[in-house]
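Some structures are shown below for you to check.
In the two complexes that follow, chain A is the common piece, with chain B as its partner first and chain C second.
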Partner chain A sequence: MNGISEILGINFVVIGPTLALLFTTLVLLFCTITISTPVYVKKYISFVGILITLFTIFLKFGLFARDGITSYFSEKILLDEFSLVGNVLIGLVLLLTFNSFWKTSEVIDNKTTEALILILMSASGFLLMVDAENFIMLFIGLEIGSISLYALAGLNRGDQLSNEASLKYFLLGSLASCILIYGVALLYVSLSISGVYETSIAISFIGPDNVPLTSLIGLIMILVGLLFKVAAAPFQAWAPDVYQGSPTGYVGYMAAVAKASSFIVLARLSAISLRFILDKFDLFFTAIVILSVLAGALFATNQTDIKRLIAYSGVIQSGFILSGISFGVYGISASIFYLITYIIQLIGVFTVFSIISGQLSSDFKISNLSGLFKENKFLTVTFSIFMLGIAGLPLTSGFVSKFILITNLWSYEKYLIVTVLMLTTVAGFYFYLRPIWVAAIEKTDNSIGKIKISISDKVLLGFMAALTIYFGLLPNTLVNITRWMVENYL
Partner chain B sequence: MFEVTTDWYLTLSAILFSIGFFGMMIRKNALIMFMCIELMLNAVNLTFISASKHFGQIDGQIAVFFVLVVAAAEVVVGLAIIVSIFRKQSSASVDVLNVSRG
Partner chain C sequence: MVDLILFFIPSALIIIGALIVVFAKNPVHNAMGLVMTLVSIAIIYITLNATFVAMVQMLVYAGAVMTLFLFVIMMIGVDKKEQSSESIKGQTFLVSGVFLILISILGYVAISSEFKWDLWFEAVEFAVEGTPQLIAGTLFTAWIFPFEIISILLIVATAAAIALAYDSKRKKNDV
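And now, the complex of A and B:
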């Protein structure tokens, strides 16, 4: 018995986090259907489920320390540095957004359990996605995660914007999935492979110069499918509408989890599958990076809705992160650093929004922030820290991440991209500082009254703001972690 | 006279995928766009099956099962979303979805 499961590589610790989340959703479903459970019990169940998930992620570190990089389930699931960091990131996103998505689920009428189940299922799908070695597995994980997110965007059914966001997200997201899976099929047709490591082995076997055009197109289609999910231009059209229309309490989670997992997968593809032919994709990546930062900056300047502004800023940040991923291993470590710090700021910004404008609101104008500073000092200060972090002001983590990224690109001699990125950073201060100006400095007659913040929100916001400052002053720990992540792939 | 080789199937699936893709770009009706997505997924299935038959491997055929399951799941969620919009404005055209723009 033991022999067979060892040969097949069946190991339940590796998919432990996914199983833990799945089990939590089943318990929630059971509690809703059979016995009428009070709402706070559901809260504890889902919170304990997330804690157990974090514990199983911790167990994976033990397995990794013992066995190193290993494939499981007959080369379907991979345990390497990328999957560990991806797991930790998704666990962190769940933990940091738990408060805001719980509050949103509480006020959404009669759909508390549905919302929780959708969120936990999507997290389990994305966990599967960052663990996947086989591309089919990657596709399934991506779909489990995304389909839950489509439904989550439209959960506030009374609101027309929410419906609209859901349909747009669904149509464009499915198109991206179709493109991705057709890329996998083309790769299978041309080289009879469908795995991350198989790709690099096949390419080194036939030689980088003899790679058939079909498999190059296939790889590009896989990359396009993933770039859709991170909203890099020219595939960014869905992001502003979805961010604007979805219930504010969920947007932080939706944006962060999709970005984190897709970028981890992109980093792994770039470090392993494409390592011998990365220079063939130079033009593709350069075009996407420059388009993303320019289109994001161009559209962000004239937004009146602040959630759309953050969406377009997300397009710019995608360009930044992608620029590191696409040009080599040191760039990948810089990008992962950028990704981690950006996700903390993103979640922080959306937590502030959901506190100010209510959990279910879809529209949120910049002018709604006016006079925030008068009565709500804490909210304004944390909001400003997050915005300045995204903008990249010194003393915040945003500056350090941009600095590391650009110095790395400089050493790869990508002068064109460096110039564009620097200019965008400077231009970005205009639209990042405007909401802060409206909230804190501009004089206004109808300022926002005192907003009650719960203790948990206060602790969370303080923690995220402290992290933003901490990584800006002492980035060494995180830099070492990201260096450790890539040192096997040099 | 004509021998039907794997190439024919692959070409057919590429044509089907392109039809789905351009339909997605051109058509405005959400249901038609939805059908285009299904068409593209089935083109992927055809590619997998013909390649699998060509190589004499089982991998591609297994992949088809997974793609089919995913397509079914997408149908469920997608139709639910379209129905919930249709109830509000009695039209499935994406032209009326113009509240959020900028």
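And now, the complex of A and C:
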């Protein structure tokens, strides 16, 4: 028995986080259908589940330190730097958004447990996705994650916009999944491979110039399927509607977890699978980066709904992160730095929104923020820090990440992209600073009254704001982590 | 001789079933025609030694998908009036255009190969009888983990569907 499991590479530590989350969801499921459990017990169960998940992620580091880069389950699951960073990121997203999604689940009528189950399941799916070595495994993980997200978007049944968001996300998302799995099929047809490392081995075996057109198209289709999930233009059409319609408390989690896992997978593809033929995709990536940045900036300027504004700013940030990922290993390290800092800011912004506008509302105009500063100093200050971080003002992590990214791109001699990115950053100050102006400086008669913030929210917001400032002043730690991540692939 | 019978009878059934799907007035008859086509295709798969595909065809298409079709038909109502007007503008024109293009492609292929193509493939000796053993051999060793994970995908889909549908049902009962 031992021999068989060794040959098949069965190892339960490496899928520990997924198992922990699944076990938590099964316990929750059991509590729902058999014994009536008080709500606070479910809260503790899911929180403890998330803590156990973080602990099992910690165990994976031990396995990595002992064995190095290894694949498990007959080359289905991969343990490398990317999967470790991806696991940590998803665990962090779960931990940081726990407060807001718990509060949302509490007020959503009669669906508390369902919402928790969907959230934990989607996290387990995305964990599998960042761990996947085989593209089929990647697809299954992506589907587990996305299907839960489609349902989460429409969980607020009474709201028209929420239903619309769910349906739109589902239809477009399944189309993107179709494209991805079709790409996998094309790659398998042309080269008889379906793995991350197999691809690079096959390409180096037949020579970068002899790669058949079918497999190039297949790879592009896989990339398109992933780019859809990060809402890079021209695949961004779903993002504003989904961000606007979904219950506000969930949007932070939904946006952050999908972006984190998809970008980690894209980075791994770029660092390993495509490393010999990356220059063939130059035009593709350049077009996507420039389109995302320009389209995002163009549409963000005239939004009145602030959640839509953040969605379009997400399109811009996707362009930024992709620009580093697509041009080589140093760029990848810069992009991962950018990704981590951006996700912290994104979660922070949406936590503030869900505190201000209530957990479920889909309607949240910029004018709703007016006069926030009068009685809610703490909220305004943290909100301003996050917005300035996304905009990229000095002293925040947004500036450092943009600086590292653009210097790296400059050393790769991508002058066109650097110019476009710099111009968009400058243009971005207009729509990033407008909400801050409305919230803090503009004179208004009907200001928002004092909003009660729970201590846990205060701690979380303070922590994220502190991280934003800290990485802006002393980015060394994070830079070293991202350097460590790619140093095996130089 | 047996080969020919096993080929021509299912083929005739496939064509008859397809015609029923197109021409029958009653939706239930259409669905049954589709079942006939799918089952006959499964028989042809078996004669080609693709047992696994045949079984999947029976289970998934003739079983699950057709049940879904019938369910939808029953839900909408069998005795609903047939809609004969064009729902999309220029529908007939588009469809006939596509049909013409298809016919001309077929004609081009037929003429350019000078009507000399070989429909009769040579008989192949199969080393392994049937595919299920082969598929099971890889599915339960190298692919065991994805296979198990699919079950989680099913749980997620069920949970998502219940979470979305639950509320509306409760409200209907209240009224």
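The criterion applied here is as follows: the second predicted complex is superposed on the first by the 490 of 490 C-alpha atoms of A that agree within 3 Å, B and C clash if a C-alpha of one lies under 4 Å from a C-alpha of the other, contacts with A are read in each partner's own complex, and residues count from 1 in each chain.
One rule holds in what follows: a residue touches a chain if its C-beta (ideal position, glycine included) is under 8 Å from a C-beta of that chain, and two chains touch if they have at least 3 such contacts.
Everything numeric here is computed off the predicted structure, so don't read it as measured data.
Undergrad: With the two complexes superposed on chain A, say which partner A:G154 touches: chain B (first), chain C (second), both, or neither.
TA: It touches chain B and chain C both.
Undergrad: In the overlaid three-chain picture, which partner chain does A:E106 touch, first (chain B) or second (chain C), both, or neither?
TA: neither
Undergrad: Let me test your reading of the model: by the given contact rule, A:I136 touches which partner, first (chain B), second (chain C), both or neither?
TA: both
Undergrad: Is A:S124 touching anything from chain B or chain C once the two structures are fitted on A? First, second, both or neither.
TA: So A:S124 only meets chain C here.
Undergrad: If you stack the two complexes on chain A, which partner ends up touching A:E164: first (chain B), second (chain C), both, or neither?
TA: It touches chain B, and chain C stays clear.
Undergrad: Which partner chains sit in contact with A:F73 here, chain B, chain C, both or neither? Use first/second/both/neither.
TA: The second partner, chain C, only.
Undergrad: One more residue to check, A:L22. First (chain B), second (chain C), both or neither?
TA: Second partner only, chain C.
Undergrad: A:E114 in the overlay: touching chain B, chain C, both, or neither? Say first, second, both or neither.
TA: Second partner only.
Undergrad: Shared contact residues on chain A, chain B side and chain C side combined as an intersection?
TA: Of chain A, residues 136, 140, 143, 147, 150-151, 154, 157, 166 contact chain B in one complex and chain C in the other.
Undergrad: Contact residues on chain A for chain C in the complex?
TA: 8, 10, 15, 22, 29, 73-77, 109-111, 114-115, 117-118, 121-122, 124-125, 128, 134, 136-137, 140-141, 143-144, 147-148, 150-151, 154-155, 157, 166
Undergrad: Considering the complex alone, what residue numbers of chain A touch chain B?
TA: Going through chain A, the ones touching chain B are 136, 139-140, 143, 147, 150-151, 154, 157, 160-161, 163-168, 170-171, 174-175, 177-178, 181-182, 184-186, 188-189, 192, 194, 240-241, 244-245, 302-305, 308.
Undergrad: Applying the document's contact rule, which stretches of chain C touch chain A when the two form their complex?
TA: Where chain C meets chain A, its residues are 141-146, 149-150, 152-153, 155-157, 159-164, 166-168, 170.
Undergrad: With touch defined as at the start, can you tell me which chain B residues reach chain A in the complex?
TA: Within the complex, chain B contacts chain A at residues 10, 17, 20-21, 24, 30, 33-34, 37, 40-41, 43-44, 47-48, 50-51, 55, 57, 59-60, 62-63, 66-67, 70, 73-74, 77-78, 80-82, 84-85, 88, 94, 97, 99-102.
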